[in-house]
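Take a look at the structures below.
Two complexes, one shared chain (chain A), two partners (chain B, chain C).
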Partner chain A sequence: MRGRNGFWALAFHTLFVIFVLAPIAVVCLIAFTPESYLAMPTNGFSLRWFEALLDNRDFVTSFQTSLMLGLLSASAAALVAIPASIAIVRYRFPGRLFLLTLCMSPLMIPSIVLGVAFLRYLSQIGLGSTMPGLILSHVIIILPFILRTVMNSFGSLDPALDNAAASLGSSPWTTFRRVTFPLIVPGVVSGWILAFITSFDEVTMTIFIASPGLTTLPVRLMLYIEDSIDPLVAAVSAVLIALAVLTMLIIDRLFGLDKILIGNIDSDKNS
Partner chain B sequence: MSDTLDFRRIPWSPFLLALPAVVVFFGFLLAPLLSTAILSLQAFSLYTGIQNVYNLANYIEIFSDNYFFEIFARTARIAVLTTVLAIVVGAPEAYILMRMRAPWRGLFLLVALGPLLISVVSRTLGWALLFGSNGLINETLMALGLVESPVALMYTEFAVVIALTHVLMPFMIISVMVTLQRLNPQIENASLSLGASGFTTLRRVVIPQMVPGILAGSIIVFAMAASAFATPQIIGGRRLKVIATLVYDEFLYSLNWPLGAALAMLLFAAVIGVTVGCNALAERYFARIYR
Partner chain C sequence: MTRSNAATNTGHAYLELASLTKRYGQITVVDSLTLDVRKGEFLSLLGPSGCGKTTTLQMIGGFVEPTSGNIRLQDRDLVRTPPSKRGLGMVFQSYALFPHMTAAQNVAYGLEVRRVGRAECEERVARALDLVGLAKFGDRYPRRMSGGQQQRVALARALVIEPSILLLDEPLSNLDASLREEMQVELRRIQQVTGTTTILVTHDQNEAMALSDRIVVMRAGQVEQIGRPEQVYEHPQTDFVAQFLGKTNLVSASVRTVNGVKEIVIGDQSFACDTALPEGPVRIAIRPEKMRLASSGIPGIVKNRVFQGTLWLLEITSEHGTILVQQPNVGTPPPRIGSACHLDLDGRDIHTFGTGV
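After this line comes the complex of A and B, so read on.
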C-alpha cells in the first residue's frame, strides 16, 4: 500500500481535486462580485454582498438560532449518550443490543422521514415551532455520533483502572469523575464537535419543523434559494464554507480529521 | 477491599444509565414514527382536512397512479447512477490517497473529506452556479466554440446525479479507506515479487480486497441518494421531482399530510429494504468466499 502513484493515478487525482473544489471555489468567488447579479468578480473584488448580509436581519437571526440549537442539542445529546455508552460498553444485560440498535438507528432513517414524523408529532404534543421541539429532534439525529466516539474511547480503556480506583476506596462517582471521565474526554469532545456540525448543517429534517419565526441558517438559505439565486446566498455560503474550513483545521490539529472520520489510518505499522 | 458501593454490584445500574436514552428514543423517535405510520392510513379531504377514517387508500392511490410510479423510477435511477459514479470515482481515489505519503495524504484527505463539514446547501449552490445557463460550464463551452447557445443543465437528471455524487462521495472514500487500512501492504508486495504485473496485482489482489468497502460505501451512498432532499430540490426544482421533494410538496404546499406520510413510509421501507437486503447478500457472499 506504500507504492508510488503513477502518472495516470496522479492525473486522475488532479481531476478529482478539481471536481471536489470547483463548486466550493465558485461560491466563494461569486460572493466577492461587485455586480448586482451572479457574475465572477472579473472587475475587482467587492465586499458589498457581505455588508448586505450583515444588514439582513433574517440571516443574522437564523445564524444565532443555528448556533444556539447546535450548542444545546450537542450538549444534551452528550448528557444522554455518555451514560448509555457506559451501560453498553461496561455491562452485559438483557436488551443491550436493542439499546445499541435503537440509539444508532437514526443513521439509517432518511431525514425526510424524520422531518415528516416530527412535524406531526411535535404539534401533537404542543412543541411545534418551539426551541425545545427543535432541540429534541436534533438530539435524536446527532446522538449516534457521540455514542460512537464515546464507545470507541471506552474500547481502548482498561477496565482494571476502575477496579483499581474502587479498591483504593474511591466511590463510583469519584471513580467516574476522576478516573474514567478524563480518559474518555477526547471521545466526548470529538463526538460533541461532530454532533454540533451535524446539527448546525442539518436542513432536510429541520425544514419541516422550523417556522418563519424560528428558523436555522441552512433552512433560511434553502428557502431563499428556492425563490432566487443571487450573490447574497453565495455570500452566506462563503461564510459557512469559511467556518467549516476553520472547524476542519481545528479538528485536524486537535485529533486528526482522518482519525475522527476513518479511524486510525496509521495503525498499519505492523508491516 | 473497600466497602464502598461498586457500580457493577447494583443489578439495575445499566438500566438506570440507559434510562435517559431509552426515554428519549421511545418518546421522540418511535412515537413520532408510529404516529406517522398511523397518519399514512388516514383519509384526507380538501375541505375537512385529516379525517378519522383508516384504510389503505393512500397506498393504493400511490401504486395505481402512473405519476407516482414515474417519480419512484426517477428516484431509483438517480440513486443507482449516483452510486455507480461514486464507486467509479471514489474507489480509485481512496486507493490513490492510501498510497500517498506525508504531507500529501493529510492535505488531500482534508480536500476529499472536508466537504462533509460544509452545509449540503452551500455545496449544491456551487453546482447550481456552475450548471446555470450563464454558469461557468456553459461560458467555457461557448468560449471554446463547442456550443452556440447555453446547454440546459439545470433541472436535468444528469445535473442532479453529478451534484449528489459530489455531496455523497466522502462516504464512499471513507468506507473504502477503512477496508484498505486493514490490509497488509506486504500482500501487494508479495504479489509483485512473485512476478505479477502492476495491473494484475491491482486486478487480482487489490480490487478483490476493496470489495467489502465498496459494498458498504455503496449501501450508504444509495440510501442517502434515494432519500436526498436538498440537492434534488435546488438542482432539480419543481420540474424534476424525486420522492423526497414530492413528500415536501405534499406536506407544505398541497397540505395532503396523509398522502405525504404514505410516500415517506414507502421511501423508508424501500431504503431499509435495500440496505438490509444488500447487507444480507454481502454477508452470504463473503461467508462463501472466506469459508
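After this line comes the complex of A and C, so read on.
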C-alpha cells in the first residue's frame, strides 16, 4: 500500500465524492433527454429542452434579473465591506463589536423571517417589487460572506505597512490604492464570488419580495416545479452548472483559484 | 568621521524633544522626555522592553500622538505634521516591505509618490540598492529574499528619499547572531557614507555600543543617562545603567574619610576612591573585567569558571555575594573550582551609588 491513505480511506473518499457529484451529473444528463418526462437519455441525445428554454421568455428574463441582481448586489456589498473591514480590523471604537455583529446577523436570522420582514419594510418605503428593493435586501444577506473574507485579508496584513507607506510620503488614499488594496484583492474577489453565488442562489427570502414582473431564476424555477416537472428544469440546472464551471475557469486564469480560495498571495505570477 | 563631527557639533540641536509625554489612560509610557539630537549623529535609545523607547520613536515618526510636549526638527513643529509630510525614513522591526512589489519597486515607492522623474527615480533606486549591496537583486520579491536582504531593502527604501532623520526600530532583532553582527558593521558604514542623522531603538546593549555616537539609556519612560558609549559604560550614573550596560557586580559597602581622603570599605578591605557621596553605607558597582585575582584582597572561593576563548569568566563566592571576574586568557588557566583566592581592584574603577530609594 502506498501513499498516506489506506484502502478503506480511499474507498470512502471515492464513494463520498461520487455521492456528492452524482446528482449533478444525473441532472446534466437528463437535460439532454429527448423524452418529455425526467429520464436518462437512453435512446439518443437531444437539445430540444435547451431550445425550449431559450423560447421560454419567463426563464430568460428571470435569468437576466438574477444575473443583474447578483452583479449589482455583490458589488455593492463589496463597497460596503471594504470600509467596514478597515474600521473593524484597524480601529478600536465604541460600538465596534455591535457593528460587526450587526453585519454578521443575517447569517443567524432565518431567511424566511427576513423575507417576511423585508416584504413589509420594502413596501412601506415604496421599494416593494422593485429592483432597488431586491438589491437592498440581497446586499444585507450576502454582506456577512464578503465581510468575512475581506476582514481576513486585512487581518493578515502587517499594520506596519501603512506606517511604512506614510513614512515614505504616501497619503492615506495613495497608500490604500497602491499598497493595501492590491494586497486584499484576493479576499475581495473570493468574497465577491461567494456573495454573487449566494445572491444568485437565494430562494427562501427572495420568494417573498419577488413579484410576477420581477422574479429571479431560482424563484421562477421553484414556481415552475410547483406546476409541472419536465426536463426543462434539468436544462436550466445544466446551464447554471456550466456557467459556474466557466466562471471558475476564468477566475483561475485571472487570479489562480487556489490563491483566491486559500488566500495565498503569489506575486511572482506577474513577473 | 561622523563620531568626531557629532562630538564637535554641539552647538545647535537638529531634532528637539521637549517634555515629550505619552499616557495611555493611567499608564505613563513616556514621561516628559527632553532630548537633543545633533545633525549627523547616530543616537541609540536603549532600554529594557516597556521603557518607552519604541513609543518615543513612533512619536517622532508620527505614528503615535504625544499626550503633551513638543517635537521640533530644525525649528519646524513636527507634532502638527502628518507622518507623510515629515520626511523621515523609517525601518520597521518587521521591515514592512510591500509584498506585492519587487525590491526595486519597494525602493522606488517613496520617489514615485514624490513624483520624481522616471530617469532620476531609476538612477536613485539603483544607487540605493548598490549602497546596501543588493545591486543585482532589484527584481526579487521580498519573500524570495533572506531576512538580512529584506533588512537591506528596507534600509534602501528609507534612505532613497534622503530623509532628514533615519529611524530604526529594533531593525536587527529578527536576524540571527552572526548576521546581526554583519549588519551592525553595514549599518554603521552606510550611516557614515550618507551622514544621515540616525535614531536607533534597541534593547541590545552591544548593538547600541557598537553603533552609536551617543546612547540614551531609558527606564520607565525617562532618560536615565545620555553619553558616548564608553562614557556610559565606564561612568554609569545609576546602578540601573551599570547593570543594564554590560555585566557588573553590585556590592554593599561604605564610605569613610581617612586623612581627608575618601575610601570605600568592602568588608575589611579599603580602597581609595574619589566619590562625591558622604560617609556612610553605599552601593558600589564594579565591572568583572576590572577585578583581578591577587595574593591578597577580598577573600573568596572559586565557584565556577567558564572558558570563553579570549576570556575566562570566574564566579567567586565571597561574603559579599557572588562576584563575577573576567580574566584575559594569557595561557595559564585560573584556579580550579573550589580553591580559595583573593580579589583585588583599583578604587578608581568603583562606581558608587547612594542607598536611597
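Just so we're on the same page, the second predicted complex is superposed on the first by the 244 of 271 C-alpha atoms of A that agree within 3 Å, B and C clash if a C-alpha of one lies under 4 Å from a C-alpha of the other, contacts with A are read in each partner's own complex, and residues count from 1 in each chain.
Throughout what follows, a residue touches a chain if its C-beta (ideal position, glycine included) is under 8 Å from a C-beta of that chain, and two chains touch if they have at least 3 such contacts.
Note that the coordinates shown come from a computational prediction; the quantities given were computed from them, not determined experimentally.
Engineer: Applying the touch criterion given at the start, work out whether A:241 contacts chain B, chain C, both or neither, answering first, second, both or neither.
Structural biologist: The answer is first: A:241 touches chain B but not chain C.
Engineer: When the two structures are overlaid on chain A, which partner does A:160 contact: first (chain B), second (chain C), both, or neither?
Structural biologist: The answer is second: A:160 touches chain C but not chain B.
Engineer: Tell me the contact category for A:137 with respect to chain B and chain C: first, second, both or neither.
Structural biologist: The first partner, chain B, only.
Engineer: Look at A:222 in the shared chain and tell me whether it touches chain B only, chain C only, both, or neither; answer first, second, both or neither.
Structural biologist: first
Engineer: Please work out whether A:71 is in contact with chain B alone, chain C alone, both, or neither, and reply first, second, both or neither.
Structural biologist: Touch partners of A:71: none, neither chain B nor chain C.
Engineer: Can A:182 be said to touch chain B (first), chain C (second), both, or neither?
Structural biologist: second
Engineer: See if chain A has more residues touched by chain B or by chain C, and give me that chain.
Structural biologist: B
Engineer: A:170 contacts which: chain B (first), chain C (second), both, neither?
Structural biologist: After superposing on A, A:170 lies in contact with both chain B and chain C.
Engineer: Please report the chain A residues shared by its interface with chain B and its interface with chain C.
Structural biologist: 166-172, 265, 267-268, 271
Engineer: Hey, which residues of chain A end up touching chain B in the complex?
Structural biologist: 1-6, 9-10, 12-13, 16-17, 19-27, 30, 38, 40, 79-81, 83-84, 86-88, 90-91, 93, 96, 99, 102-103, 105-106, 108-114, 116-122, 124, 136-137, 139-140, 143, 162, 166-172, 175, 197, 200-201, 203-204, 207-208, 217-218, 221-222, 225-226, 229, 233-234, 236-237, 240-241, 244-245, 247-248, 252, 257-258, 261-265, 267-268, 270-271
Engineer: What part of chain B is in contact with chain A in the complex they form?
Structural biologist: Against chain A, the touching part of chain B is residues 1-2, 4-8, 13-22, 24-25, 28-29, 31-33, 35-36, 39, 89, 92-93, 96, 98-101, 105-106, 108-130, 132, 134, 136, 163, 166, 169-170, 174, 177-178, 180-186, 188, 198, 223, 226-230, 233-234, 243-244, 247-248, 251-252, 257, 260-261, 264-265, 267-268, 271-272, 275.
Engineer: Flag every residue of chain A that touches chain C in the complex, lowest number first.
Structural biologist: Touch residues, chain A against chain C: 158, 160-161, 163-172, 174, 178-179, 182-183, 265, 267-268, 271.
Engineer: State the interface residues of chain C toward chain A in the complex, per the touch definition above.
Structural biologist: It comes out as residues 61-63, 82-90, 92-94, 96-102, 109-110, 113-114, 139, 141, 143-144, 157-158, 161, 167.
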